[in-house]
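Next come two complexes, and both contain chain A; in the first it sits with chain B, in the second with chain C.
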Partner chain A sequence: MVTLTIDDKQVTVSKDATIYDAAKAAGIRIPIICHDKKLQPFGGCRMCLVEIEQMKGRQIPACTTPVTEGMIVRTSTDEIIKARKMVLELLLLKHPIDCPVCDAAGDCDLQNLTYEYQVNTNRFQDEKFNWKIDYENPLIERDMNRCVHCGKCARICDEIVSFGAYSFINRGIQARIGTEFDGPLNCEFCGSCVSVCPVGALISRPFKFKARWWSLNKVKSVCSYCGTGCQLTLGVKNNEVMTTIYDENQGFHNGQLCTRGRWGYQFVNSEKRLTTPMIRKNGKLEPASWDEALGLVAKRLGDAKGSPDSLAALVSPRLTNEELFVMKKLFKETLGCDNIDHAGGYSHKALTAGAIESLGYAGSPSVIADIKKTNLLLVIKTDAYETHPVLGFEINLAVKQHGVDIRLLSDKKGKLSKLPNAQTYVHKAGADLLLVNAIAKVILDENLHDAAAAQAIGGFSAWQQSLANCAIDQVAAQCGVDADTIKGLARDYAAAEKALIILPTGMGYPGHGKEMAQAVINLALLTGRVGKEGCGVLILGEKNNSQGAADLAIYPTSGGKEAQAILSGCAAGSIKTLFIAGENPVVSYPNRSQVEKALAAVEFLVVSELFLTETSAKAHVVLPACSFAEKEGTFTSVGGAVQRINPAIKAIGQSRSDFDILSGLFQVITGQPAYANSAAAFLDLAATVPGYAGLTQAGLGDNGAIRTVSGTATFVPVSAAAPSTEAGKFALVTGSALNHCGTLSLYGEGPMLVCPAGYIELSREDAKAVGVKDGETVKVTSATGEVKLAAKVGSRVPKGLVFAPYHFADSSINTITSGNAITWVSLAK
Partner chain B sequence: MIMPLINGLKITLKHLFMKPVTLLYPEERPTPSPNYRGLHALKVSHNNAKCVACYLCPTVCPAKCITVEAGEDENHDKFAARYEIDILRCIFCGYCVEACPVDALKMTDTFELANYKREDFIYTKQALLEKK
Partner chain C sequence: MSNAPAEATKAEETPAEEIDLEPANHIIDKYLTLPGNLMPVLQGIQDEYGYVPRPTIDLVAERLNVYPSQIFGVLTFYAQFHLKPRGRFIIRVCVGTACHVQGAPRIVETFFDKLGIGHAETSPDLRYTFEKVACLGACGMAPLAMVNDSTYGSMTVQKVDQIIADYNQRPMKSK
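Here is the complex of A and B:
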């Protein structure tokens, strides 16, 4: 620790702090333009000049100067104020003073500082720049005339996003921020650059000219797309979510968001939102009153009470914990129906079957903060970046700033493969389980683990036995990764002081289920990595509340039917009433034709949804539900952080939150109210769900709380078969596209502008063999059907493998998949 | 007792022969002072409203009677796609004119704002455009 004096105030800070950090700790504000707490110090703008007595009053930048013992700093002498005024004058010399038409006005660092330092005149004169403004992409407008050369956009894109879309180009007075060969911006469109731009050089096109910053109501909430649990601030005006607002003090991610979080908010106020309940009359959905619709549904559910087998529910893990809790109370406790499931019945298995058996609880033994604390990251599939982009930023930071060694066990390359010193072990599709087992086998054979500690864990010998037949050379041949590489990885993993395994899951990843989770947990247990800081396994639940749905056990627990069985029950006629809350199985569940058949066959289908989706269009009763911006409740994110969402706008039309819908049904069926409000439901939830004990909605505050986990770990044998092959066919793997999450993002404008339709990604060699070029249509045929998709030719996927995202409703990939990790397909032009 | 009465009558008599301050409206019409604050007008330059939809007038308006919605024209510039003043709410304080950074708004000497229907008191952009 170092003690120094800033403006006569003594302050003690750690020795790696800068003067700026020390002043901040002492509550002294030093003006900045180019500095950002997330980025490496830059020292470009010279606004943070301070005087240091020991340096004979020389002016030095506070943001780049480390503190030294006994330093005496002055932050606002006349000389400094004069210098800062000149900095502003020089910046304003080239800056077009077009504040009236600039969207940054009100939230502009340059404007605020000009006002603060009262720079009313300028003693210099010069012509303004006349750079061409980039209107070419749909999301980010780049007006380099307004740029103040702070370099934050280039730095955040490089340091945190690791994309590197920008850099300074040209020299001297011609210097400016440019893109690759000064072409149009073609990046991930996460918008991090827009969020940090201190002026209006980079602005959001979807929000352009919509409202002024000061007229927006800022409501803190949690993103409703993926399971990362990013906190965000919604900018609200006239009952409309206008934009997302950057707040660098929010969450573990310091306000960073991805494409969907930042630009995908439009679904909230979409014109496609359902506004009234609808009942099917004479084959057509007609608007109806809530009383009529709820009465009809309640009667149907009440009638089914005597025969709960004829009833089933599919719930979306996008619902809040409170809503899921009421759902459970209604179906499992009141109606005695255990036919309830979520997320396709398979994508939650890593948590609800794998982790429960292996660890004793349906969660990850690690938290998000462990990513930066570990020494070695083993990521199963590069898709972790696509499914959870902001966790991907954390991984980028861990690797680049904390020197974490990253290893990727994947069937294709990805963005994470490009990180410094990243090693990607590209294996044959479907061989990941075999590889993980082989790594464990190497560690066992070479005695790289703490044998006594591992043997103390239950099931060790049985598990060891199960690996007896695992021959590394044979595995190497089956996986396409050579034996020495596997051994090297195993040795590195075992030798690392701390090691964390990241396992993304989701509807697009049928292979990442129970076995996969157990295999990686076995590996972590073997090396004593469970329950330690910076170690363990992080299972990434796909949706915003996937972890909550797993915690609350929204799946059959006493012999009920799982999602697939529910659908076949519907098709067979044994299930007569199906309640779907927020799921869109027609698009997201495997085997579309069977799902459609099942939904057509079921006698009574109720769907509560935001939109008339492919699923709700088939319903007998459609109940308009509220989005996350209209309700209160909590989401549990990856790693178990329970965070609150806050209502930003009033419900659209007559829509009601699922909490109100389910409580209304509960009231009609039982004659008594379920809960007074969601806070009361949460209290009951905290009392009954392990790990949530002691939590209250109010107590969660802005930052949320991490729910605890406890259980007894045990080794569970996982059998891994050699990956199948089919001669002459391509292995199709599905997954998440970077800009989308589930099917909700299809209603978000931003993601659709960047990635509007499905595609199939294939290698250059395969494209050549099939005879297609990038962008051309390919006919993809599997045993279950065929679909036409645009080809995306690149070097990411290896030969013989094709990848397709699962989100899109038109020519959806589930037309040809049937729930296997790999679908064998043939391609034709 | 009598003197104050006489004094009062003197004033009355004086006023009887003075030029009246009232006007025989509508036959006679007043000439408002140059800084009179009547109905607003949006100034026009090069056949377009000068307004750039910066939202400063609705921000400063104490009566919250101005509604602006910005639009993006074919040159990607900002213009007021919607500009409405609810005259029934307006208190004619003139802050909007003062706040305008591009001198796009003025207050005219139009004071006859009576109308038959409430809707007619909401002056749209078209109605507010300066007449030359």
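Here is the complex of A and C:
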């Protein structure tokens, strides 16, 4: 620790702090433009100049200068004020000062500092620039005339996003921020650059001219897309979510968001929102009153009480914990129906079947903070970046700032493969399970683990026995990764002081289920990595509340039917009433035609939804539900962080939250209210759901809390078969597109502007063989069906493998998939 | 206040350049393990091709794992790099003080007339690139011109004709 004096205040900080950090710790504000706490110090703008007595009053930047013992710092002498004023004069010299039409006005560092330092005249004179404004992309407007050359956009894109869209180009007075070849921006469109831009040089196009910053009501909430659990601030005006506002103090991610989180909010106020309940009359959905609709549904559910087998529910893990809790109370406890499931019945299995058996709880033993604390990250599929982009930023930071060694076991290369010293082990599609087992086998054979500790864990000998026949050379031949490489990876994994495995899951990843989770947990248990900081396994639940749905056991627990069986039951006629809350199985569940048949066959289909989706359009009763921005409650994200969402706007039209819908049904059926409000439901939830004990909605505050986990770990044998092959066919693997999450993002403006339709990604070699060029249509045929998709030709996927995202309703990929990890397809022009 | 901002026009559509990447790959191979290899690689490519063709930028980005934007930043920062093809013969005429008083402007104009290209321009047949430069460091020989590495002192209008006649005869291939 180092003690120094800043403006006559003594402050003690760690020796690697800068003067800026020390001043901040002492509550002294030093003005900054180019500095950002998330980024490496830059020292470009010279606003943070301070005087150091030991340096004979020389002015030095506080943001780049490390503290030294006994340093005496003055932050606001007359000379300093004069120097800062001149910095502002120089910045304003070329700046257009077009604040009246600038969206950054009110939230602009240059404007605020100019006001604070009262720079109302300028001693210098010069012509303004007349750079052309980049309107070429739909989301980010780049006006380099307003740029103050802080370099934050280029630095965040490099250091955190790791995309590198920007760089300073040209030299001297002509220097400015540019893109490669000075062309239009063509990037991931996460908008991190917009969020850190201190002026209006980079602004959000969807928000342009929508509202002044100061007229927005700012409401803190949690993103409702993926399971990362990013906190965000909604900018609200006239009952409309106008934008998302960057707050660098929010969440583990310091306010960082991805395309979906930042630019996918438009679904909330979409014109496509359902505003009134609807009942099918004479084959057509007609508007109805809530009393009529709820009465009809309640009667149907109440009637089924005697025969709960004829009843089933599919619930979206996008609902809040409180809603899921009431759902469970209504179906499982009141109606005695265990036919309840979510997420296709398979994409939650890593947690609800794998982890629960291996660890004793349906969660990850690790938390997101472990990513930066580990030494070695083993990521199963590079897709972790696409499924959870902001978690991907954490991985980037871990590798680039903390020197974490990243290894990727994947069937294709991905963005994470480009990180410094990243090693990607590209294996044959479907061979990941075999490889994970082989790594464990090498560790066992070479005695790289603490044998006594591993043997003390239940099931060790049976599991060890199950690996007896695992021959590394054979695995190597089957996987397409050579034996020495597998051994090397196993040795490195075992030798790392701390090692963390990341396992993404989701509707697009049928292979990442129970067995996959158990195989990686076995590996972590073997090397004593469970329950230690910076170690273990992080299973990434796909949706915003996937972890909550797993914690609350929204799946059959006493012999009820799973999602696929529910749909078969509907088709066979044994299930007569199906309640769907927020799921869109027609587009997201495997085998579309079978899902459609099942929904067409079921006698009574109730769907509570925000939109008239492909699923709700088939319903007998449609209940308009509220989005996350209109309700209160909690989501549980990856790693078990329980966080609160807050109502930002009043319900759209007559829509009601699923909490109110389900409580209403409960009241009609039982004659008693379910809960007074969601806080009361949460109290009951906390009392009954393990790990939530002691939590209250109010107590969560803005930062949320991590729910605890406890259980007894055990080794579980996992049998892994050699990957299948089919001569002359391509292995189709599905997954998440970077800009999308589930099917909800189809109603978000940003994601659809960047990635409007499905595609099929194939290697250059295969494209040549099939005779298609980038962007041309390819006919993809499987045993299940046929679909036409645009070809995306690149170097990411290896020969013989094709990748398609699953989100899109048109030419949906589930037309040709049937729930297997790999679908064998043929391609034709 | 600035003028009303002009709408950015679409980046100029340049047809994909068909170039042989083999020499560029050789240059990258040579420096692959050297820390800070971007500069020598780009200089090597500039020497080899006479400029830095766009496909080589993509290649360097891919093989050295550097962002294309950063490479573009480096290329536009240093005057030594060129993004467009340059002439086989680079004619530099000094317009520094000593050369100026010795009549360099006449020499420059004569080159303009005879070659039909202006400052920093390249003839369509890629034979010549003409540049006015501030000082070539040989004021005693003023007015001075250089063609590639050859120096021509005490330049006259007649000598311009001779130089052009000479270089018109020379082969386009250097290596």
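What we mean here is this: the second predicted complex is superposed on the first by the 829 of 829 C-alpha atoms of A that agree within 3 Å, B and C clash if a C-alpha of one lies under 4 Å from a C-alpha of the other, contacts with A are read in each partner's own complex, and residues count from 1 in each chain.
Throughout what follows, a residue touches a chain if its C-beta (ideal position, glycine included) is under 8 Å from a C-beta of that chain, and two chains touch if they have at least 3 such contacts.
Quick caveat, the model's predicted, so the values are computed rather than measured.
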item: Chain A as common anchor, with chain B and chain C clashing or fitting; value: fit
item: Inter-centroid angle chain B-chain A-chain C after superposition on A [Cα, multiple of 10°]; value: 80
item: Contacts of A:Lys56 with chain B and chain C, given as first, second, both or neither; value: neither
item: Partner chain(s) touched by A:Tyr135 [first = chain B, second = chain C, both, neither]; value: both
item: Partner chain in contact with A:Lys284 - chain B first, chain C second, else both or neither; value: neither
item: Partner chain in contact with A:Pro184 - chain B first, chain C second, else both or neither; value: second
item: Comparing the two partners chain B and chain C, which touches a greater set of residues in chain A; value: C
item: Partner chain in contact with A:Cys99 - chain B first, chain C second, else both or neither; value: first
item: Contacts of A:Trp214 with chain B and chain C, given as first, second, both or neither; value: first
item: Partner chain(s) touched by A:Arg123 [first = chain B, second = chain C, both, neither]; value: neither
item: Chain B and chain C, minimum CA distance [Å, superposed model]; value: 6
item: Residues of chain A that lie at the interface with chain B and also at the interface with chain C; value: 133, 135
item: Complex interface listing, chain A residues touching chain B; value: 99-101, 105, 133, 135, 141, 208-212, 214-215
item: Parts of chain A lying in touch with chain C, wherever the complex brings them together; value: 96-98, 128-130, 132-136, 143, 145, 154, 158, 163-171, 175, 178-184, 418, 420
item: Touching residues on chain C, where the partner in the complex is chain A; value: 1-3, 5-11, 54, 57, 65, 67-73, 76-77
item: Of chain B, residues touching chain A in the complex; value: 52-56, 58-59, 70-72, 76-78, 101-102
